[in-house]
Amino acid sequence: MSRFMKNRSVKVGLPPGSLVHIGERKTENVTIDIFNYDEMQFQEKETKKVKECFSFKDKATVTWINVNGIHELEILKELGDCFGFHPLVLEDVLNTDQRPKMENFDDYLYIVLKAFYYGSDNNEKVEDQISLILGSNFVISFQERQGDIFNPVREQIRSGKGHIRKSGADYLTYVLIDTIVDHYFIIIERLGEKIEDAEEELLANPTSQTLQTIHKLKKEMMLLRKSVWPLREIVSSLERDESALIKKTTVVYLRDVYDHTIQVVDTIETYREMLSGMLDIYLSSISNRMNAVMKVLTIVATIFIPLTFVVGIYGMNFKYMPELAWHWGYYTVLSVVFVIGVFMIFYFKRKKWL
Amino acid sequence: MSRFMKNRSVKVGLPPGSLVHIGERKTENVTIDIFNYDEMQFQEKETKKVKECFSFKDKATVTWINVNGIHELEILKELGDCFGFHPLVLEDVLNTDQRPKMENFDDYLYIVLKAFYYGSDNNEKVEDQISLILGSNFVISFQERQGDIFNPVREQIRSGKGHIRKSGADYLTYVLIDTIVDHYFIIIERLGEKIEDAEEELLANPTSQTLQTIHKLKKEMMLLRKSVWPLREIVSSLERDESALIKKTTVVYLRDVYDHTIQVVDTIETYREMLSGMLDIYLSSISNRMNAVMKVLTIVATIFIPLTFVVGIYGMNFKYMPELAWHWGYYTVLSVVFVIGVFMIFYFKRKKWL
Amino acid sequence: MSRFMKNRSVKVGLPPGSLVHIGERKTENVTIDIFNYDEMQFQEKETKKVKECFSFKDKATVTWINVNGIHELEILKELGDCFGFHPLVLEDVLNTDQRPKMENFDDYLYIVLKAFYYGSDNNEKVEDQISLILGSNFVISFQERQGDIFNPVREQIRSGKGHIRKSGADYLTYVLIDTIVDHYFIIIERLGEKIEDAEEELLANPTSQTLQTIHKLKKEMMLLRKSVWPLREIVSSLERDESALIKKTTVVYLRDVYDHTIQVVDTIETYREMLSGMLDIYLSSISNRMNAVMKVLTIVATIFIPLTFVVGIYGMNFKYMPELAWHWGYYTVLSVVFVIGVFMIFYFKRKKWL
Amino acid sequence: MSRFMKNRSVKVGLPPGSLVHIGERKTENVTIDIFNYDEMQFQEKETKKVKECFSFKDKATVTWINVNGIHELEILKELGDCFGFHPLVLEDVLNTDQRPKMENFDDYLYIVLKAFYYGSDNNEKVEDQISLILGSNFVISFQERQGDIFNPVREQIRSGKGHIRKSGADYLTYVLIDTIVDHYFIIIERLGEKIEDAEEELLANPTSQTLQTIHKLKKEMMLLRKSVWPLREIVSSLERDESALIKKTTVVYLRDVYDHTIQVVDTIETYREMLSGMLDIYLSSISNRMNAVMKVLTIVATIFIPLTFVVGIYGMNFKYMPELAWHWGYYTVLSVVFVIGVFMIFYFKRKKWL
Amino acid sequence: MSRFMKNRSVKVGLPPGSLVHIGERKTENVTIDIFNYDEMQFQEKETKKVKECFSFKDKATVTWINVNGIHELEILKELGDCFGFHPLVLEDVLNTDQRPKMENFDDYLYIVLKAFYYGSDNNEKVEDQISLILGSNFVISFQERQGDIFNPVREQIRSGKGHIRKSGADYLTYVLIDTIVDHYFIIIERLGEKIEDAEEELLANPTSQTLQTIHKLKKEMMLLRKSVWPLREIVSSLERDESALIKKTTVVYLRDVYDHTIQVVDTIETYREMLSGMLDIYLSSISNRMNAVMKVLTIVATIFIPLTFVVGIYGMNFKYMPELAWHWGYYTVLSVVFVIGVFMIFYFKRKKWL
């Protein structure tokens, strides 16, 4: 199956709104973390039963329900029924091949994003589709796996540092998006390092391995760009949205995260351009090396082929070859050959081929 | 005749609105399926007589008239007269070389699309131009052949699953478009697999066959894009259209299909870019291989051409060549030749040509 | 003189509105066809005297004045004075190096287009600049030569088929533009066939002739695009124009011709992209063939150069060369040479160079 | 110093509005031509004293003050004080490295343009920055040198031909801009001829000189485009401007000059594309020629290297070589050698290398 | 670490608005220059204590506080508290990896820019992030180091030349931005000179060093463009901003600086295009040189390989070779060989390979 697209064919023919999980199952057990807080207090709960969320629905305090693992259709259905989400929202949460987007359903916003980050344990790049549903007093986030990307946010809620406890659900949404965008910077930083390594290798000693590295980095950039480009529109429309769900004080923060997104996009474009330039360098360095090889062949062959012809002449077995009988004939030929050789070397020196 | 354009010259000079079928005849017999349904009941009929459709025109229930085969001008004319379509609409239905578009004639919408799908029987890619006419209580769809692409929709109507029986003609139109877009995903998935295969082949063992595969895939992508690009505008203008024919509850579904279209376009662009990158890789792998071949030639020639010259010297027939009489002369020459050869191999090793 | 631009220098320094004919004279005698018609009757007249047109100016019926040949300044001046056209309009009619454009002078519209068609007699591509002036009850069209491109329109008027006799001057303008656009399809069809021929040739047996064909087709596409691109804007602004000269019933037809224009532009873009792709194929097929040639040289040279060295050794004339006296010496050398040769062939086979 | 940018560093650190002349001094003496006219009369005066202009400031008739040479700060300052221009306007007039632009200062418009033309005397391309200041009843134009580009305009005023004497200062401005744009056509015509020459040379006998010609033409096109692109915006904003300084009757003329500008831009783009295509042709013709050279080498070497090996065998000095004693041995070898040679020639013919 | 992005990972997980300095520390001691002036008087003060600024906050005269060095969090915090800046502003001032932007916080504007200039002492290119905060009566500027880029502005204030002392804080902001843009011109001028040098080298004697120079210049252009592109939007939005902080008289100056920015962007684009063209030239000059080398090899080998074969024939030791006994045999062979050689040279001459 192709990396740029997941297997959607299972859904063809099903009525719209049918709940089908598309993509790999990235965790075994679905767990739900619930945070409920306001400026004064906070409450934290980890559960596997979706019913425990329902009581928070009508509380005035901010509730953050984080669902790790999205393949359990039952859990989604119950959540959807309780909070009254549109069937298409649930369908999109399940489909991990979404293009990032934002949809405004008047009393809630649905946002789907791609997170890329390095896992804390094995330092491997992780791709995760994250869905956020922002209501007036709650945020529901869906991750494909037991991700630790939001741990710092949890820490902020627990410690009460920053504005998070003093602000509403919209600010929490901003913090979650900001965390995801911050991780893009880390991904790009590392890709940037790899690009610079490849560039050094390219200028020092390019091999066909270098070419494959450039090709691979180019594909990584394409993949990243595919996720970040639409994010720009999302954040921009969040910021300008007239939605009552976004307070005016949060807009200034969204503008900040918008600038970060632009910067990520800019840097991706810059790196893509650099990679294109590197390909040109690679191609011309191959040509250059070919040139060097050709020059050696040309010089050696051009010098020795005529000389071999000369000595070949005196290898002929004619009866009447007066030179053969000359006493200094041999030395004369050797000298002639030597002089021709030296002359050709000078000629090549003047042509700057040596 | 060219693949990117069908023979339109037959129409030059005819007055606008003249009914001429342009394109291949893809089925022999024209058949008409009629579905009439509301939430409570449904009725299904297959006929060859166009007159049987007329009675459904003024029913309050939703009627879906699906015409398989468009080359019978008579059938179109009768349908057009009965439902009061503009002559240009009928002209466009007949012309299978249409660019996808949507036209709003106030009391009906005319939509023309390109469907691509794998036929159920022989698994071959099929291209079909599909015209949809949406009225207040009916949808008329025209296919070029006896297509099974809409079978799942028929199944949904029969079984009453999903919203289809509870919704109007606009929802049916959405479902038909959604089905077509879903099949694009399948087409792109398979093309994606072929691209990944070609990429692997390219990195492992590129041949001129690989180049032709890349070229062919590029052309397929161009063809697909030509059909999908205008679809984006169509769905977007359907969604934003003030037309009374589209109900507000359907708009949310159209937004969803719009997102899918964008995703298809994005993926096509990504694949096109990948194919361009693959061409670069191909060209440089040719250069690389040429380099390898040249190196072997250079090394062999550069080592043996001077040596042949040396042994040529002692093949000369001069009377006075003192070395020839030396007892160890032969072995000396052999050693000199051996030393020169070894030295050159070392030199090439240091230059990293070996 | 350059093909992409005609000699305009003759006009530099003249006051704006000066009447100067720019371009080649494509016909000797200027003739004028006049059609006057309404639903009931029609009248046809061919003349060389411009004065005969004047009487039609104030008739309620639709008048179509078609002027073949534009280099007679006197005729234009008289027409302009009679109908009251702006001097810049007449200047533009005379200048055959116009970019297609539409200008709205409130009581008339001035449209200038490029027509491309295959002449009926010698089947050669003809380029013609066509100017249309649409008034409330007349259309004046200027062609550079005695063109037969509008013959089918004349036929429609004579026969009364289609809507033409029932509609006004705006519909006639639409029919004329539609005819020109229809001919673009024919031109593109033929170019498309040539491109496909060139593509086949390219994949089978590319020569430097193929390259020049590709280059020539590319230039043709550029020329065509230069004429069709602005047409898009013209038709689009005609369609959306608030001008009282365009009736609402004609707008639906203009929308249709607009779609055709878009399709022409799309197809041109597709072909341009294909031609670019073909250039890449051409370049890599040259490289490939070079590779094939190099391989033969490398194999032959790499096998025989060392062998020639070996037999060269035993061509030396040293007195003391024990091998020369061996009874099986000759056969040993032959065998050694044979073994080396076979070994190298195997080596090349394994490297996949054979 | 670089051709695409003049030395602006002298101005860094000076307060905005400081008058510094940037660029070369292109004339020694600054002269001022004054034209004052209306429909009835005209008055012409050439002077070196700026004070003579002041009396025309408040006349109802149109005054055109043309300043040849801009490096005399004193003259500019006096003019600026008299007519009340903003210091930035004078600063921009002096800086010959301006990007073409238009600025609306309510009671006057400031326009700066680049003129390119062939000098009347030595037929060399001349670049000149022209500043126009349009007031209600005057136009002040600044040229860098004693330019003859506006001579035809002067002639029109003197002779009273065309509309110029009947129209206001805005029409004069239009005529001046139109003259400049007309000269662009001449420049492009000549560049076009050079491009076509280079193209012919390219197809007949490309040398590295051809490449440098293409490169030079490309740079000329870049330079030209840099001046013409912004002109488009200038004319377009003049035309749409609500400014009371532009009368409605002049707008139709500005629209015409706008169309010319577009045509210039279009032609430049077309030529740039052609030059890119020519570069591709050049590169592939180099490859082609290399191929031809390689083929000769390959054929000659591939035929003679094995044959040389064969005759080398019989040049060995072994005592026991039975063939040497055969009576027909020599002729047999000659025949074998001949047969091998002929066979190889046939083989190459079949491969289409000969 | 990559040059196109600084290490932001330290900030991941911190609450928004956390003050962390990102980037290198470019100066040891933070100093603060304070200018306070109106038309009548001015006051200048250099201090290290931030408290000395506070007294100027409410003065009616214009105050310019210039902070050299931004890594001292304490100073920023105190300033921020005193003037009431949003925490995100302070966060952005500290982060030297900002994309240039402008933010409007109603009672102050925050602008962040990149300055590039040549240091006065060692003539080395310096990159500096400059933040400007414009209030109604003050401008606070932050530089990363003890920069002398603003010295001419200080001089203007001291001397009272120009409008600066007569104008408000908005004009001061304009002057600061204008100074930064002026320095872009100098940077581009020098890059332009380097590009022209590289171009000359390229046409005279291209080496792989030239390629690396082109690559390096391309990267410099990318870096510069990344900083200048967003500047365009900043100046444009400043100019069109309805903000009460920008007076109408200043707008005309901002329009001027906007034109300069466009010109910088244009020139960068022109240079980028030139560099791309130069890469093409480089690649084809490599091919050309390869061609030249190949030609020499081909000519020498093609002439001497057949001749060597001929003399090889008469080196064979057959007993019965009648020619060997001919008296003129040797001279005949020499003549034949000579004739073949001369013929081939003529052939190559005719082919234009010599």
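As written, the chains take the letters A, B, C, D and E, and residue 1 is the first residue of each chain.
FYI, a contact is a pair of C-beta atoms (placed from the backbone, for glycine too) under 8 Å apart; a residue touches a chain by one contact, two chains touch by 3 or more.
As the structure is a prediction and not an experimental result, all values here were calculated from the model.
Visitor: Look at both sides of the chain C and chain D contact and report whether the same residue positions are involved, with over half shared, or different ones.
Guide: different
Visitor: What whole-Å value do you get for the distance between chain A and chain B if each is reduced to the mean of its CA atoms?
Guide: Here the centre of chain B sits 26 Å away from the centre of chain A.
Visitor: Approximately how many whole Å separate the CA-defined centres of chain A and chain C?
Guide: Distance between chain centres: 42 Å.
Visitor: Residues of chain E that contact two or more other chains, please.
Guide: 283, 287, 290, 294, 297, 301, 305, 308, 312, 315-317, 321
Visitor: In what order do you meet the chains if you trace the ring from chain B in the direction of chain C?
Guide: B, C, D, E, A
Visitor: Which of the residues in chain B end up touching chain C in this complex?
Guide: Going through chain B, the ones touching chain C are 1-5, 7-9, 11-18, 86, 88, 92, 97-99, 101, 103, 105, 205, 208, 211-212, 215, 218-219, 222, 226, 279, 282-283, 286-287, 289-290, 293-294, 296-297, 300-301, 304-305, 307-308, 311-312, 314-317, 321, 323-330, 333-334.
Visitor: Help me check something: in the complex, which residues belonging to chain E touch chain D?
Guide: Listed in rising order, the residues are 151-152, 155-156, 161-164, 174-175, 178-179, 182-183, 185-186, 188-189, 192-193, 195-196, 203, 252-253, 255-256, 259, 262-263, 266-267, 270-271, 273-274, 277, 280-281, 283-285, 287-288, 290-291, 294-295, 297-298, 301-302, 305-306, 308-309, 312-313, 315-321, 352-353.
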